[in-house]
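Look at the two complexes coming up: chain A is in both, with chain B in one and chain C in the other.
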Partner chain A sequence: MTTETTRTTKSKKLVSEFRQFLSEPWFAILTTILAAAILLFIVIPVFAVFFKSFGIGSGGFTFEYYKEFFARSYYLNSLLNSLGAAIISTIVVVLLSVSISLYVTRSTSFLSKFYRGAALLPLVAPPFIFSLSLIILLGRNGVVTSLLNDAFGLEFSIYGFWGVVLAQILGYFPIGYMLVESTMRNMSPSLENASRDLGANQSKTLRKITLPLSQSGITKAGLLVFVMALADFSNPLIIGGGETFIAAEAYLLVVGQQNLEQAAVLGVFLIIPSLIVFIFQTYVMKDSGLETISGESGASNAPLTKRVKSVVMTINTLFVSFIVLMFIMVVLGAFVKIIGIDNSFTLEHFQSRNGWDSLYTSIIVSFLAAILAATIGMLQGYLFARKPIPGKKALEFLTLFGLAVPGTVMGIGYVLIFNGSPFFLTGTVLLIVLNMTFRKIGVGLEASISKMHQIDSSMEEASNDLGAGPYRTFGKVVVPLLSPAFIAGFVYTFMTAMVSISSVIFLIAPGTNLAAVHILNLAEQAQIGMASAMSFVLIVIVLSCMGLLKYIEKKTGVSI
Partner chain B sequence: MSGQEQFLQLSHLYKFFDDVTAVNDISIDIEQGELISFIGPSGCGKTTLLRMIGGFHNQDKGSITLDNQSIDHLPPENRPTGMVFQNYALFPHMSVYKNVEYGLKIEKVPKQERDSRIKEALKQVQLEGYENRQPSELSGGQQQRVAIARCLVLKPKVLLLDEPLSNLDANLRMIMREEIRRLKDELNLTIIFVTHDQEEALSISDRVIVLKDGTAQQLDRPDNIYNEPSNEFVANFVGHANILEGKITIENEQSNFVTPSFQFRIAHPNNIDHDQQLKAVIRPEKIKIDPNGNFEGIVNRIIYNGNFTRYFVLINDTEIIVDDFNAHGLGEYKRNDSITISFPENPHFIHKEV
Partner chain C sequence: MKKTIMLLVLMTTMVIITACGESGSSDEPLQVYTHNDSEEMDAMVENIEENTGVQLDVLRLSSGEGWSRIEAEAPEIGADMQIGMLHGFGMKAEEEGYLLPYESEQWEDVPDKFKQEDGEWYGTSFWYNMIAVNEEIIEDKGLDVPQSWEDLLDPQYEGEIALPDPGTSGTAFLIVSTIMQQMGEEEGWDYFEQLDKNVGQYTKSGSAPAQLVAQGEYAIGVSWDQAVLDYIDEGYPIKSVMPEEGVGYSLDVAWIFENTDQPEKAKEVMDYLGSQDFMELSAEYRSMVTKPGITDDSNVSDNFIDYDAQWDADNRDRIMEEWQNKFSN
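This part shows the complex of A and B:
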C-alpha cells in the first residue's frame, strides 16, 4: 500500500519534472546534445576498450587475450611494476605533503611562500619533466653520474624502477599537496589551541587532533596520486630503462604491434583501479569530511615549536630544493651544448622547425579545447544546478568519470571508435580537441556547480520578476556570475592540455604533432638538449598564462 | 595591592602586532573566586589579552603571575588555565566523553579516576547521559557545556571564556549566564570573561574592565562602571548617556550646572572645582518626566521599547534622551508634544578630555 503510493508519487514527480524540462525547449535541446556528447566522447570509448579486450568487434568473444596476459610474465610484471611504483610514490607524496602543509599553513614567512611556490611548480611542466632532468643529472652520462664515475669509478644510472618512482614522486606531488594543504587550512585553529590548552604539547596535538582531522584530505590525496601514478605513461617510457610498466606497454602494443586487443586488456587493468577509487570517492568519501564549527575571530594556528619545526623544515628544504634543482637542470640543459660534456652556451637547441610547429599546434588545440571545455562546463553547471533534468545524477557522474579515466585507456578507446566509419576522425585536429575537452570538462562542471550553489536562486527569480525570460536571465545574470568558474575551467583545461600526452599521443598524425609528444620523442631519442629547450619554452608559456590570469584577477577583482 | 599577593596578577602587559599596540600597559589584580569581564569594541585587545593569559600569545613586555608563580614562559599546555573558545573547538572526531577525557589522558590520570571525574564534570554542566553523543549531535548550548566541562575536569586555576555566549540565541544566552554564575559560586572558580556585550558583562561580573585600543579605560564594579564612568567612551560604550558640556557655578550657596543652552540646579559636588570645563553624564532613566519639572521641551522623536519608551526631547536645540518606564502601558506623549522634565541633582561629572 505504502510502497504503491510512493511509487505513484515518484512517477508523478518524474512526469512533472519531465514536463518542466520540456517547457524551456532550448535548454532541453542543449541538455540532450550534451548528454549525447558525453556518451559519445567519454562513455562509449571506455566501453569500446572493454569490449575489445574480449575480442568483440574483431573476431568474436574470447578470453584469449586475458589468458595471454596471465601467461606471459612480461605483462604481469608490467602490472606489478606499475602497482609497486604507484604505492611507493603515493606514500612518499603523502608524507611530504603533510610535512610541507604543516609548515605552510602556520607561517606567512617568505620561506613558507617559497615552499608553496616551489611545491606547485611541477604543475606548469609536462608530466615527464622530472625524468628528463633526472637523466641530465643521474643518467648514463649525467652530471652527477660522470662525476661519481670519474672520482670513484662508480657505475650508476637512474634508469629503471627507482627512476620512475622518483620521477613520479616529483611529478605528482603538487596534486597530493594541494589537497592536504587545503584540508589543513580549513581546519579551525582553535581546535589545536584547545588541545594545547588541555595539556597536549604540539607533537601530541598533531598526532591526536591535526592528523586525524586531516584524514579525509590525506586519503583523497593518496587515492588520487595512486591512480595517477598507476596510469603514468611517459616517465616509464623515458626513464624506465628495461622495466615495463602497464600504460607504456599498452601504448607500445598499439603503436608497435597494432595489437589493439592485447592493449585493451592492459587498458582494463588500468581502468579497474581508477574506477574503484572514483566510485569510492564519489559515494563513500563524500560525507566523511568532519565539519568544524565556524564563527571565530581572526584566530590563527600556533607557529610550530622548535622540535617539530626542525624536523619539518629539514624535510621540506631538502625536497623543495630538489624540485628547484630539477628545473634548473632543464634550463641549463636547454642553453648549453651537451650538458656535462660541453658546457658552452648555445641557442641551437631552440632552432628546431618541428619543435616550433608542434608548439604552435599545441597552443591552438589547447586554446580551442579550453574554450569548449569551459563553455560546456558552465552551461552544464547551470543546467544541472537549476533545471529539473531527468537522469541528471547519472550524467554528472559520467562527466566527472571523464576525469578519472586514465589517458591511455581514453586514447585507445578513441582509436577504436573514431578510426573507421562513420567518423574517420583519427589524425584530425578536431579529434584531438574533442579528446582534450571531454577529458577535462568535469573540472569546469564542478567549478560552476559549486559557484551556482553559492548564488542564491532568488537572483534569477528577481530577474524573472523584473520581466526577463529564462534565456535572457541566463545571459544577463547567470553568465556574468559564473564567469569565475568559466575562467577556472578555461585555465585548468588550457594548462593541462598544453602538457597532456597519454591520451593524445594515440591521436596525432604527421602535421598535427603536439609539443608534449614531440618532447617525449626527443627525450626517448636522448636528444636531451632539444627536449630541454622545448620543455623550457612550454613552461614559460604556461607560466605566462598563469601570470596573465593573476593580472586579470587583480584588475577585475574577480577571484578565480 | 597593599603588599598582599593577588591570585592572578597581570602587570604592565604590552603586545605589539607590527605597528599596532594591541595591548597597552594593562595591569589587573584578580582575586581567587572572582569573575572579571573584559569588554570593549572589536579590536580593543580584549581577546588578545585573554589569549596572553592562556599562553597563545607571548607578551612583549610585562609579566603574569598566577598563584604566586610566574607563568610567563610556560607554553599553553603547561599553564593551569582552561579556555573555552568562541566556537567551542570541540574535537569533531571524538564523542562528548572522549572530548572531556582528552586532557585527563594527557595528564595520565588512571582510568577509574578519569571516569569518575568525567561523570562529575558532566554533572556539573548538567549533561549526564550525553557521554556517547558526537559534538555534531548537540545543540549550541550543549556544545558550550561540553567545552566548559572539558576545562573544568582538569581543575584549572583560572577559566578563560572567549565570547562564550555570542553564538547562542537570546534566551539561551540568559540561561548560560545564570549557569556560569552558578558554577562560579559552587566551585569558587576564578573566571575571566571576554564579551562585547556590555549588558552581559554588567550582569555576570564581579568587576569589569573596559578596554579601548589596547588601553584600560576603567576597572571597577559593574554599578560603578555604569554610574560613574571614568570618561565619555565608557559612558557611551556601557549603556546610553546624555553628555552635557558645561561648568559648575556657585551663586548664593547654590550650585548650578551651566551648559551653553540651559542650566540646572545640582547638589554641591565634592572634590570638583567650579569654573572648570566639565562633562555631566546623565543616564536617560535618571531624568524624570515631571509636571513640576523646571524644563519644558518638545518631543522630537519617540522609540517604543516595550518596557520603556525613549523620548528625544529638544531643549533650546539640545537633544536630551529621556527613558520613561511604561508601568501603565503606552507612553502618553506624542511627537511635538511639549513635556516638562527635571534633571537629577547629582549627575556624574567627568573632566573634559584634552
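This part shows the complex of A and C:
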C-alpha cells in the first residue's frame, strides 16, 4: 500500500515536472536540442568506439580484436607503460603542486607571483613542447648531455619511458597545481592558528592540519593529472624512443593502418581507467565534508617558518627554473639554425606558409569553439540550476563526462560517426569546432551551476513579479549575473583548444590543418627549429589573448 | 557585459554562416595531399600559386599514413589532388580506380616510363635510399663507417642506427622492398630481424633519421638522398654512404583524384607540374627530375638496383602485415 502511494506521488511529481517543463516552450525546445547535441557529440562517439571494438559495423560481433590485444605482449606492454608513466607523473606532480602552493599561498612577494606565473606557463603551450626541449637539452647529443659526456664521460639517453614521464610531469603540472593552489587558498587559517597556539610546530601543523584539509583538492588534482597523462599520445611519439604507449599505439593503428577495430579495443582500455576515476570523483568524493571549511575570515595563512621554507623553496626553485629553462630552449631553438650544432641566428624557421595558415585556422576554430562552449555552458547551467528538467542528473553527468573522455577515444569516435550518412562532416571546420566545443562544455557548465547556486533566485522572482516573462528575465537578469561563468568557460576552452591535439588530429583535412597538429608533424620530421618557431608563435598568441582578457577584466570590472 | 556577449554570439553566427557559404563557391582552394617534407612543399606551393593562380590547401601526411587515409576515405576522398607520393601507391590507386586520367601536353617530353599511359599519374622526380653517417660520433666511439647494407648488421652499431618505420614512411618501405627484392623474402626477414637489434629508434617520417644524425643523436641513419645531401650542404659533420649492394629508387608521382569537384583547376596544376619552371624548382630539392636535361643523373643511377615498383604495389599489404607481426610483439 505504501509503495503504491509513493509510486503515485512519484509519477504525479514527474507529470507536474513535465507540465512545468513544457510551460516555457522555448526553454523546453532549447533543452531538447541541448540533450540531443550532448548525445550526438559526446555519448554516441564513445559508444561507437565501444561497439567497433567488438567488430560491430564491420563484419559482425567478434572477440577477435580483444584476443589480438591479449595475444600480443606488445599491446599489453603499451598499457602497462602508459599506466606506469601516468602513476609516476601523477605522484610527482602532486608533490610539486603542494610544495609550490604552500609557498605561493603564503607569500605576496614578487617571487611568489613569478613562481605562480611560471608554474602556469605550460598551460599555453602544446602538451608535447617539453619533449622537444628535453631532446634539445638531454638528447643523445643534447646541450647538457654533451657537457656531462665531456666532463665525466657519462652517457645517457632521454628517449624512452623516463623521457615520457619527465615530459608529462612538466606538461600536466599546471592542471594539478591550479586545483591544489585554489584549495589551499580557500582554506581557513584559523585551524592552523589553533594548532600553532597549542604548541605544534609548523611541519607538524602542515602534516596534521593543512594537508588533510587540502585532501580533496589534492585527490582531485591527482585524478585529473592521471587521466590526462594516461591519454597522452604526443609525448610518446616524440620522445618515446622504442617504447610503446597505449594512446600513441591507438593513434598509429588508425593513421598507419586504418585498423579502427584494433584501435577501438585500445580505446576501450584507455577509457576504463578514466571512467573509474571520473565516477569516483563525481560520486565518492563529493561528500568528503572536509572541503566545506572555507576561508571566510579574511585572515591570511601564517607565513612559512625558516625550516619549512628552506625545504619548499629548494624544490620550487629547482622545478621552476627547469620549466623556465625548457621554455628558453624553445625560444632559442626557434631563432638559431640547429640548436647546439649550428647556433647562428636565423629567422628562416618562421617562413612557413603552411605554419601560418594552420595558426590562423587554429585561432578561428578555437575562438568559435570557445564562444559556443561558453554559451552552451551558461545556458545549460541556468536551465539545470533553475528549471525542472526530466533526466537532469544524467545529462549533467554526461556533459561532465565529456571532459574525462581521452581525446584519442573521442577522435576515433568522431571518425566512426561522422564519416558517413546521416552526418557526413569529415573534413569540415564545423566538425573540429564541435569536437572542441563538446569536449569542454563541462567547464562552463560547472562554473555556471556553482554561480547559480550562489545567486538567490529572488532577483529572478522579482523580475517575474514585475511582469517580465521568463525569457526576458533570462536575458536581463540571469545573463549579466552569469557573465563571469561565461568568461571562465570561454577562456578555458580557447586556451585548451589552441593547443589541443589528441582528438582533432583525426579530423583535420587540407585547409583545416591546426597549429598544434602541424607542430607535431614537424617534430616527427625532426624539424626541431621549425617546430620550436611555430610553438613560440603559438605561445605568444595565447599569452596575448590572455593579456587582452586581463585588460578587459580591468576595464570592465568583471572578474575572470 | 551582456552586450559584449551578444556581440560575440552574433559574430560567431556570422562567421559560421560565411564559413558554410564558402564551401559551395568555386573559389575554394584546391585540396592537396602530399608526402613531401614541409620545407620543400612550402616552396613548391608558393611557386605553383604564383604561376597558375590556383590556390592550394595542403595537408602533409607521410606516405603510409596518406595511403591509409585515401583508402579509408574512398570513394569520397578528401582531396582533389596528390602532389608527391610513392610510385607503388600510384599504381595501386590506378588499379583501385581512384584516379582521373588526364593527358597533359606539358608532359610530352617526359619519357613514357615516368608516367602512366592514360595519364592517371605522372612522375615528377625520383629519389633513392641513402645512409647518413655522423663522422664525429663514428670517430668518438671508434666505429667503422659502414659500406653496405650487410655492414649495418655489425654488433658494433648496437643502438646507433635510426631507421624510419615502414608502417608510416615511404622511405622505409623502399628500404624494406629493396632488401626483399635483392635477397628474397626469407633472407630479407632474417636481415631485418638482425637489423632490429641495432636500431636505436624507428621514426615516423623518412627524413627524420637524416636530421637525427645531423643533430648527432645517432651515428647512422637510413634515409633518402636529398634529406641527407641537404645537411651535408649546410656543413654538418655527416657524410653520405651508398650501400655497395645498390639502393632502390622510387618515382615521386602526382595525380588527380577521380572524385574531384574542381577538375579544371587540378588539370591546370598538373600541366604546370610538367613545365620547365616547376621541374627546375623541383631540381633544387631533388637530385633527379624526370624532365630530360635538367638534372644530371648519369653517375647516380649506377648504384640503382633493378627495382620493381609493381612489386611494391602487389606485395605491400602482405609485407606490412608480416612486419607488424614480427616487430610488434
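As a working rule, the second predicted complex is superposed on the first by the 542 of 560 C-alpha atoms of A that agree within 3 Å, B and C clash if a C-alpha of one lies under 4 Å from a C-alpha of the other, contacts with A are read in each partner's own complex, and residues count from 1 in each chain.
One rule holds for everything that comes next: a contact is a pair of C-beta atoms (placed from the backbone, for glycine too) under 8 Å apart; a residue touches a chain by one contact, two chains touch by 3 or more.
Because the structure is a prediction, the values reported are computed rather than measured.
Of the two partner chains, chain B is the only one that A:Ala302 touches; chain C does not reach it.
Look at A:Asp197: by the touch rule set out above, it reaches chain B but stays clear of chain C. In the superposition on chain A, contact is made by A:Ile338 with chain C only, not with chain B. In the superposed pair of complexes, A:Gly427 makes contact with chain C only, with no contact to chain B. Touched residues of chain A were counted for both chain B and chain C, and C has more of them. On chain A, the positions that touch chain B within their shared complex are 188, 190-191, 193-201, 204, 208-209, 212-213, 290-297, 299, 302, 305. Contacts from chain A toward chain C in the complex involve residues 72-74, 135, 139-141, 157, 159, 237, 241-242, 252, 255-258, 337-338, 340-342, 351-355, 357, 364, 368, 371-372, 375, 419, 424, 426-430, 475, 479-480, 483, 486, 508-511, 513, 521-522, 524-528, 530, 556, 558.
Touching chain A in their complex are the following residues of chain B: 42, 47, 54-56, 75-79, 81-83, 85-93, 102-103, 106-107, 135-136, 143, 147, 150-151, 154, 163, 167. Taken together, the chain C residues at the contact with chain A in this complex read 1-2, 5, 8-9, 11-12, 15-16, 19-20, 23, 29, 31-33, 37-39, 41-42, 45-46, 57-62, 64-65, 68-69, 71-73, 76, 78-79, 137, 167-168, 199-205, 207-208, 211-212, 214-218, 234-236, 320, 324, 328-329.
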